[in-house]
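Here the chain labels run A, B, C and D in written order, and each chain numbers its own residues starting at 1.
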Amino acid sequence: MKKIINQAVEKGKKFTMLGKVADYIPELGNVDPDLVGICITDMEGNQYCGGDYNKYFTIQSISKVVSLILALEDNCKDYVFKHVGVSPTAESFNSITQLETKNEHKPMNPFINSGAIVTLSMVNGIDYEQKFNRIKRMMEKMINRDGVEINSSVYQSERLTGNRNRALAYYMQSTKVFNEDVEKILDVYFRICSFKVNCIDISNMAATLSNGGVSVYTGERIISKETVKIINVIMSSCGLYEGSGKFALDVGVPSKSGVGGGIVSIVPGKLGIGVFGPSLDLNGNSIAGIKMLEYVNNKLELSIY
Amino acid sequence: MKKIINQAVEKGKKFTMLGKVADYIPELGNVDPDLVGICITDMEGNQYCGGDYNKYFTIQSISKVVSLILALEDNCKDYVFKHVGVSPTAESFNSITQLETKNEHKPMNPFINSGAIVTLSMVNGIDYEQKFNRIKRMMEKMINRDGVEINSSVYQSERLTGNRNRALAYYMQSTKVFNEDVEKILDVYFRICSFKVNCIDISNMAATLSNGGVSVYTGERIISKETVKIINVIMSSCGLYEGSGKFALDVGVPSKSGVGGGIVSIVPGKLGIGVFGPSLDLNGNSIAGIKMLEYVNNKLELSIY
Amino acid sequence: MKKIINQAVEKGKKFTMLGKVADYIPELGNVDPDLVGICITDMEGNQYCGGDYNKYFTIQSISKVVSLILALEDNCKDYVFKHVGVSPTAESFNSITQLETKNEHKPMNPFINSGAIVTLSMVNGIDYEQKFNRIKRMMEKMINRDGVEINSSVYQSERLTGNRNRALAYYMQSTKVFNEDVEKILDVYFRICSFKVNCIDISNMAATLSNGGVSVYTGERIISKETVKIINVIMSSCGLYEGSGKFALDVGVPSKSGVGGGIVSIVPGKLGIGVFGPSLDLNGNSIAGIKMLEYVNNKLELSIY
Amino acid sequence: MKKIINQAVEKGKKFTMLGKVADYIPELGNVDPDLVGICITDMEGNQYCGGDYNKYFTIQSISKVVSLILALEDNCKDYVFKHVGVSPTAESFNSITQLETKNEHKPMNPFINSGAIVTLSMVNGIDYEQKFNRIKRMMEKMINRDGVEINSSVYQSERLTGNRNRALAYYMQSTKVFNEDVEKILDVYFRICSFKVNCIDISNMAATLSNGGVSVYTGERIISKETVKIINVIMSSCGLYEGSGKFALDVGVPSKSGVGGGIVSIVPGKLGIGVFGPSLDLNGNSIAGIKMLEYVNNKLELSIY
């Protein structure tokens, strides 16, 4: 396994120059594009790490998985999917067009920005602070450590430049998809996207899902089995934005990427994988991350299909 | 002329029940749908009025004409049309889709909401208050009376429910179409849409344009000739939202409607017409207003084509 | 006038290198891009010509005007516009998207390809041959000479490469917009687009319309007054594809362009103008043609607005 | 198992009245909407059948699976997916819009009509007849019997009313997605859609895929392992048109539906399921078919996620 890890990192490093660090948020642009890391956790809690596995990056869209988990645990599945769709989309992750052109006034799926904002509105909480704290707490349980912190310069940067997300939220407010304090719910959104994690963290997160919702360390059930299954389904078809279809062909494991450069991959019953590489392809997915997952998949035959 | 006026009002009254008062702003829904009024001003300043010509209504989108006039007077034509297009659109007046799907990141024309907000940003003013005051002053000159007032309940209603316009503005902010304080520029937008006018007022407004920009009462030049021509062009193709094409066929005079029920019509060199009827067709245009203009056009052959 | 003509040609020549000859039909690509011609006819039948005014080119989309004239003369206006819209469009002239996305299953206007094909289906004729002959005859009357000929290599080229038009026609057949023999109606379409004309011809065509439908040479009424008015309206808003809005601002006379490089311009009651220059702008309009019309308009103040 | 089969049929029968038999092809409208059948094949070749499992219906879009199998076996995977995408789509199966609006001129995936036609063009054959025969032969191997027949009235009906498919094909021809004799390739398309199969047939087809491409009866390898995996991936995300996302949540096995009322479902390594019920939901999928698959899945926990 150690050899596979090392070779995966070597493979990944070769591709970092083909991509570009996310720059739509100024703060994200200041990261070293050549970082590459991986961590694999098995169902006994053994971990195999390589490269820059302990470098921190912001979790970004991988946080959408946590919001969706809580929304599903807090509500029945039918309620959740009455407010957000389960259809993959070939539109960009921040597209506003489909909110207007599709008949149903609901976002296509929970992993595009509009869908994630709606999902957030279905997470319980007496106020926005509690909503935030419940998501933070769930994340900490999944990554198996307390005290996740926010990268405050990224958070401030997102808040200042998040007009596209404001447009999405006000649009949904106008079509009565939800009824929230737009600035406050976006503040929660910007904060949970700014959590600092490393490959070990997201590998643990993946392992919790691969293990059916039960911590591989404590044996505690963190997420219900039914929710885990739903997460796997939606990750499979929508987890890598417009690259989801090709990724399913090439790797074939439920995964979710973030523009911070991380990808979590669920190999049900077997492994939880976290990869990292801030250089992104045109779809906004970590180039080195995908290459490492392809390599590991080739060696270990992980595809669920 | 008096007979034509009376018969036009009779004609208009027959159609009011086929439409619906605007209800996207709650306050607008409380108007008597059967009101019908008309006022025609000739180039000597004679006026012929009928029906509910002195009932007040909110000017709504007709205010977009005034913003565009000032934007054109404050900047060169090329500058203005680098920021907003001159293409008619078959999309709804509050569509956000075309902002995303069209290659150029600018609104299609100055008479849809997004375009009007951009136009507003090109009106000079050291602050938003001065911007507002200059528009108010231009409007007062055109309608030939001081002290136009705001319908404050309509204004409050627009402000509270204007999330679609917030979405448009934040979207344009995110694509760098402009750089404004979104809440403040929208506040100006909501205020100028809430001006209370009657048929005499908008007939005077029309007469100023029909007379080439010169007041028919004082002989003062209020608007440059070149600006007037541009206004006529854009009214001709974009003045009645998606109904513009059919209206050009049926009536054929540069006009602009508002969801308050008013329509201004420019008969260059001859007449300035203001009609009113709050019952709207599916495109958001006054049903009785269009019928009255068709009638008057049939009698007087006004079409510019 | 002679001086204006000469200077217009000089002006036009300066811009030919900025555009590109149409190449979507291979045969069209073989034309000298630097050709520039103009012919102006007044209501007494006097003609002023300059540049390559007697060079022949294919009429292309200008033929859509003739089809629309006959469809309007053969049917009532309401019938025609129940089958084809009067809305300008910001989509490309051969767009198929709007046929699918707009609620009404009808083309946006008679001057985009889909609309022109539907218009053709409303021209009377016991068979497709008669349909073709009636259009040819109307064209000959308007251009004041018999024996217009088809450029057969262009016609063959269009027929062989006209798959986009086949797609449009079969699509409309499938949505029951019309019910025709697709290959046969397209054959008429390809033939009338391939008529060879020069600036004198299209200037005569324009003059007939400027003179209200009456030949300036024989005094014969060729087209009804009502039809002429409708043609002027639709030319004003849809005549230059996506460039229609800007052209209305800059020139402001009802006009129709073709990718062969011709533009007809109607100055009602005054002039009929035909210009030619095969080098096209991005919207598919003659670059030199537009520049010449701008120049002539500046000198003679022709705008209808 | 027999009990599950019977109860599944009972369950299915309750929902047939909620849907509608396909009527876009007149011939398809003449089927009894209350038919409901199921057949399950295990990896030893044992079969469990219920309801109208031996009634014949036309295979329709399930034939797209067979074309894709041959295209993949005849070409490398990269070649195939350079010509057709792997992205699910929220557009209708016969949408033409996305061919125009998406940047890449290729259909979204092989299971919408445009994609299936392109896929067909990649199946080897010295002429269209051989192309057809190779697809027929592959189908016969998968369904484990010779002599599949065409329902000639459905075939004729498709051919006469297939103008939407003609539009798609000519459109793709015009954008150089492929270069085929449109009528001839569509003839192959219409013929393979008209094959008469029953639940046993499509259950065998499914079993061949579930068994990794090897016949459960003869042990012969019919399809390569790599191709089977790709088929599973694309069925998972695109197999039930716009209903694919919800079906993945509710059932979670790679499946493909046809408007004839059939659905094939692959339970890798375990079962091949064929269900039938001509009453369709709004997405064009068999209502009873989906309900039976949900029931069987609930009992046997088949989801791959």
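Simple rule for what comes next: a contact is a pair of C-beta atoms (placed from the backbone, for glycine too) under 8 Å apart; a residue touches a chain by one contact, two chains touch by 3 or more.
None of these values were measured; they are calculated from a predicted model.
The rotation relating chain B to chain C, fitted on Cα atoms, comes to 180°, given as a multiple of 5. Relative to chain A, the chain whose mean Cα position lies farthest away is C. Put simply, the C-alpha centre of chain B and that of chain C have 33 angstrom between them. For this pair, chain A with chain C, the centres built from the Cα atoms lie 55 Å apart. A straight line joining the Cα centres of chain C and chain D is 47 Å long. Looking at chain D, one finds that residues 101 touch two or more other chains. Under the touch rule stated earlier, the contacting chain pairs are A-B, A-D, B-C, C-D. Residues of chain D touching chain A in their complex: 77, 81, 85-90, 98, 102, 108-109, 229-230, 232-234, 236-237, 242, 244-246, 248-249, 252, 254, 268, 303-305. By the touch criterion stated above, chain B contacts chain A in their complex at residues 95-97, 99-101, 161, 163-164, 166-171, 173-174, 182.
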